[in-house]
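Next up, some structures in structure tokens.
Each of the two complexes below includes chain A, the first together with chain B, the second together with chain C.
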Partner chain A sequence: MNNTHATPARRFDLGATLLTLLTIIAAVIWFFPVYWGIVTSLRYDDQTVKDFALIPMEPTLKNYIFDIQNSNLPIWYLNSTIVSVGVTFLVVFMGACTGFAISQLNFPGRKALWWMILASFMVPVSALIVNHFIIIADIKLLNTHLGIILPMLIAPVTVIVYKQFFDGLPKEFREAAVMDGSTEFQLFFRVFLPMNWGVTTALAIITFIGAWNSFLWPFLAAQDEMMMTVTVGITAVQDTFGVAYGRVLAGAVLAGLPVATAYLLFQRRVTQAITLSAGIKG
Partner chain B sequence: MASVELTGLAKRFGAVEVIRGLDLSVADGSFCALLGPSGCGKSTMLRMVAGLESVSEGQIRIGDRDVTHVEPAKRGVAMVFQNYALYPHLTVAQNITFSMSLAGEPKAKQAEAATRVAKMLQLEPLLARRPAELSGGQRQRVAIGRALVRNPQVFLFDEPLSNLDALLRGQMRLELARLHADLGRTMVYVTHDQVEAMTLADKIVVLDKGKISQAGAPLDLYNAPANRFVAGFIGSPAMNFLPARANSDANGLQVTLGAATMTLPARATLAAERPVELGVRPEDVHLQNAGDGTLQGRVAVVEALGNTTFVHVDTEFGQVNVESDPALRLEAGANVGLSFEKNKVHVFDADGTTLPKL
Partner chain C sequence: MLRNRRTEITTALILIAPFLIVYLWLFIWPTIQMIEMSFQKAPLIGKGKWTGFDNYIRMFKDATFRIAVKNTAYFVLLSVVPGTVVALSIAMMVSRLKGRMQSLVLAAFFLPYVLPVTVVYVIWDWMTNVQFGMVQGLITFVVGEPVNIWRTVDWFMPGVAILTIWWTNGFSILLFLAGLRNIPTELYEAAQLDGATRFQIFFRITFPLLWPITVLCLTIQLILQLKIFDQVYLFAQGGQTRSTMVLVQYIFEQAFQKNNGGYSATLALALFVIVLAFSLLQFQILRVRGQR
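After this line comes the complex of A and B, so read on.
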């Protein structure tokens, strides 16, 4: 009996081990440039093209200190924070409100609005970037936080995810609240939104990461160095510091640090959010 | 306290008429069960009384008020839902006082109300828990507490026990009966379980395809069903139905069942012999030796429940369920005869209506 069970178990283990090995190799290949960037940022300038050891012989934080002291990195951080927090709050709040309205309220044009949102989902934002630039320039919002934020609020996927979740709630929750005398606002803020708190946090984290990492629109909208976000600012580091790889890579690490931290802290929520949006994208 | 009066109530979803010109009066303080199979319109009717479903036609009065077009929260009714509809993000206390919280009542008043209701329903140790941490029966009690705290004139229950297991359902039935006795409020209770309706209600309304088939006291419906539908729906195990022919004579109703004939108490005089259907409850059929009785058959299944035994007998008219003495030992395959309590045999006309005894 034991033997007949042992054979398939061994075969399965072998397959799983091979798969694990392959995954590890792929992960090493993927992670090596990131690792190399981090260790290079910890080397002295003259060592970056001489020291090829996996662990730096004389690690230093000099590049980081230099970047922080000699660039606008703190201001870029502040700009990124303002833009990302603003975009996150507005996208999630407006997505939840719109999702609730389309899912739960009866008003003229509800279906038309839903189809418009679905249709807008099919137009890539980069295809509209010239129009965005012209509009934002016309209303004199270039080089302002609001100018960077406004076009980034177009996030139909958030509305779709919320609508799906609100549609999926048993109608008895709504009816019980209505019988208790709830208004639509109370229903939204006190029943529907808190009941979907997991979705809200997941969407907030993924929106924050997306806003922090966004490059093309902030690059166009913020030409003034004092209004740049971190992702845009670090491209200026190269010009500022010439070919000082250590400093450039230290800037890149600093730019990616908040997002990496957010990801590590909220890994499960991010995965949940990606699954949700992936489900929508089909 | 208030009565519920429905007059000419109708509900249409497009071309489909779910409730058809329904009239019903539920007396103040009574416990009325709306009973019927799935899709008969009982839940729709309850939701119309609650205000969750609009009325296509007719009028709803609660007490002396016409509430046909009044908002649900202002009708003086509270509803307990089948799936309880407890908010998972709120504690038991917050769920119970949700309506007070929406109305902006002071926290101290809410806490006092939560404690009072929890005491009535033995929920005191659970006030700080969330619904996910409660058992089915406890959730049910919280849902009832949420209705209680509103101090409504009328309680509406939409199949509140259907998600519970048999044991818990029995316990909750007792608790509901006690609650009704304590509060003395009007209660309207939707169920498809005739045992719940029979044990809890003082009035049962049997619905069929959006119309009232019969309304009355539970035992009246059991002993004198108005038609075949009610006869088949009320009673567990269900009534046996046998095709026969009947004619009136001076002695009463002459019934021919296969080769056998029997005389039943007189019904309305039949002008000529015609096909009818006999209805006999399992407890009104008796087992006889093979060759004796009105009908012959062979035992198919014996269900010994301890306190009673049900014997399913295959006959030329289909299977007949007999409630017999639990001491009787019978094996499947045995030949038996069947006789009927003639006074308890129901006779249904071809259209399903009962031929009442004179």
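After this line comes the complex of A and C, so read on.
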């Protein structure tokens, strides 16, 4: 009797250990392409197609230095930073203002605006690229930072997340502040916005990552190599360097570094932003 | 009181003004413009000539359009359901782990999601290089010889689908993890006391409770993958693009390479309608779920 009792427990443990081991192996395999890209970028160019050791024996930053000195990478980096920071600031700011107005203030057309925003959530912005191009070309903003930024500002999700967050706050906050004689603006900037700093950070990080990574629109809007973002630019590195994989991968590592770092530093915020924008509680 | 009411409205208008301007100018206006252009024979930049339904008739007769629709559907088929199954499996494996180990393993699975598509492209171009790619060992083992995936039509879409799953799966994994965390542990404890097997626990408890999230992941992925462009464009670069053409790519080609603004607007409108139809379906599903 005792034996039959003990066996399932022990077998359960073995199964659990095996499953954990399997999980770790799967994670290692999953991450391997990224690791392999980094390793290759640290090898001398003539070694990338000869040396397949999993750990680089004589790592070098030569490819990185070459990229920085011989391509427009520094300028692309600057362009990406300006565009991504601009998009992030504007999207979050407009989202917070609009979300607050729809949630807390009474104005004509409020319901209609809210339904329009919900509806636009379903519309594919990538179907509008042709007409975005025409509009931006019309006002002579192609190959400018502003021209790249503008069509990327359509982000109804941010408004939706803010509106829902403000809806969840107790009514007393607003009543107390109004009693004190503060204006709606003061209420918004001093009470409501500071109260959801967490949501704001989360949305800002995910918006930044999205802006940094966006490809199709920046690719169309900036044909001039000096105006390209780094995400688009690294494919140009590939064209000029041919099959020099070490250099191409060094460029890719540099392009991915800011977003990967942002994620690793703010893992919990990124998770929060993703679950919030999908409409589920984490 | 009346004064208060008026200031409230003024404040609201000031707060929504920036958003509303951007929204009307860069969302509503291009949509109207697109519909108008779809009835014209027009270059990308410049005045067009009204041609009625010519573009639409052309679209329905266009063999390349049919290829693009077929390829897009094929890609959706290859990526959406398999991707969701993989994400669910990974989420279940990750959710068993604790503390540091969990965040480390999750980071390994999630990191590709935050990378730009061009970085993903460069990494996989290297991984699948015919001569030196690490994947070729596996391919040689299975089919006997290395394969130039991105220049072989039969391999192209499955290849793009696999790396898209690798790239975008982190999103679904997070949703599933959130769903798993919301399942009360008492349910599992009770099931274990009753002597339920792992399979019974999964199919009787975990999976039914995760079903709403599964539907959410499936529809989000479906709508996302209908708009596939970047990966296909990057990997088809320099090669023959027609046989692997997808919808957004065809819009891009007609507008920016062939200067057919009018026809590209018609194609864009077709994509618009397809995505909208699926989104409405998603909305409906979510609403039904909400009523439950």
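Odds and ends about this structure:
The definition used in the following text is that the second predicted complex is superposed on the first by the 259 of 282 C-alpha atoms of A that agree within 3 Å, B and C clash if a C-alpha of one lies under 4 Å from a C-alpha of the other, contacts with A are read in each partner's own complex, and residues count from 1 in each chain.
In the analysis below, a contact is a pair of C-beta atoms (placed from the backbone, for glycine too) under 8 Å apart; a residue touches a chain by one contact, two chains touch by 3 or more.
Just so it is clear, the structure is predicted and the values come from calculations on it, not from any experiment.
For the composite obtained by superposing both complexes on chain A, the positions of chain B and chain C are free of clash and fit together. Legend: residue contacts after superposition of the two complexes on their common chain; A:Ala26 is shown touching chain C, with no touch to chain B. Of the two partner chains placed around the shared chain by superposition, chain B is the only one that A:Ser182 touches, whereas chain C remains out of contact. In the overlay built on the shared chain, the residue A:Gly147 is in contact with neither chain B nor chain C.
The larger set of touched chain A residues comes from C, when the choice is between chain B and chain C.
Judged by the touch definition given at the top, the superposed model places A:Met195 against chain B, while chain C stays out of reach. Contact with neither chain B nor chain C is seen for A:Pro218 once the two complexes are overlaid on the shared chain. After overlaying the two complexes on the shared chain, residue contacts for A:Gly86 are found with neither chain B nor chain C.
Vertex at the C-alpha centre of chain A, arms toward the centres of chain B and chain C: the angle is 100 degrees, rounded to a multiple of 10. Once the two complexes are laid over each other on the shared chain, residue contacts for A:Phe173 go to chain B alone; chain C is not touched. Between chain B and chain C, the shortest distance over C-alpha atoms in the superposed arrangement works out to 5 Å.
Shared contact residues of chain A, touching chain B in one structure and chain C in the other, are absent. Those residues of chain B that touch chain A in the complex are listed here as 50-52, 72-74, 77-79, 81-83, 85, 87-89, 98-99, 101-103, 146, 150.
Residue ranges on chain A touching chain B, taken from their complex, read 170, 172-173, 175-182, 186, 190-191, 194-195, 197. Against chain A, the residues of chain C that register as touching in their complex are 5, 7-9, 11-13, 15-16, 18-20, 22-23, 25-27, 29-31, 33-34, 37, 44-45, 90, 93-94, 96-97, 103-105, 107-112, 114-119, 121-124, 126-127, 129, 131-132, 134, 166, 171, 174-175, 178-179, 181-182, 198, 213, 216, 220, 223, 226-227, 229-230, 234, 237, 248, 251-252, 255-256, 261, 264-265, 268-269, 271-272, 275-276, 279-280, 282-283, 286.
The part of chain A that touches chain C in the complex is made up of residues 15-16, 19-20, 22-24, 26-28, 30-34, 36-37, 40, 48-49, 52, 90, 93-95, 97-98, 100-102, 105-108, 110, 113, 116, 120-135, 137, 150-151, 153-154, 159, 183-185, 188, 209, 212-213, 215-216, 220, 231-232, 234-235, 238, 245, 248-249, 251-253, 255-256, 259-260, 262-264, 267, 270-271, 274-275, 278-282.
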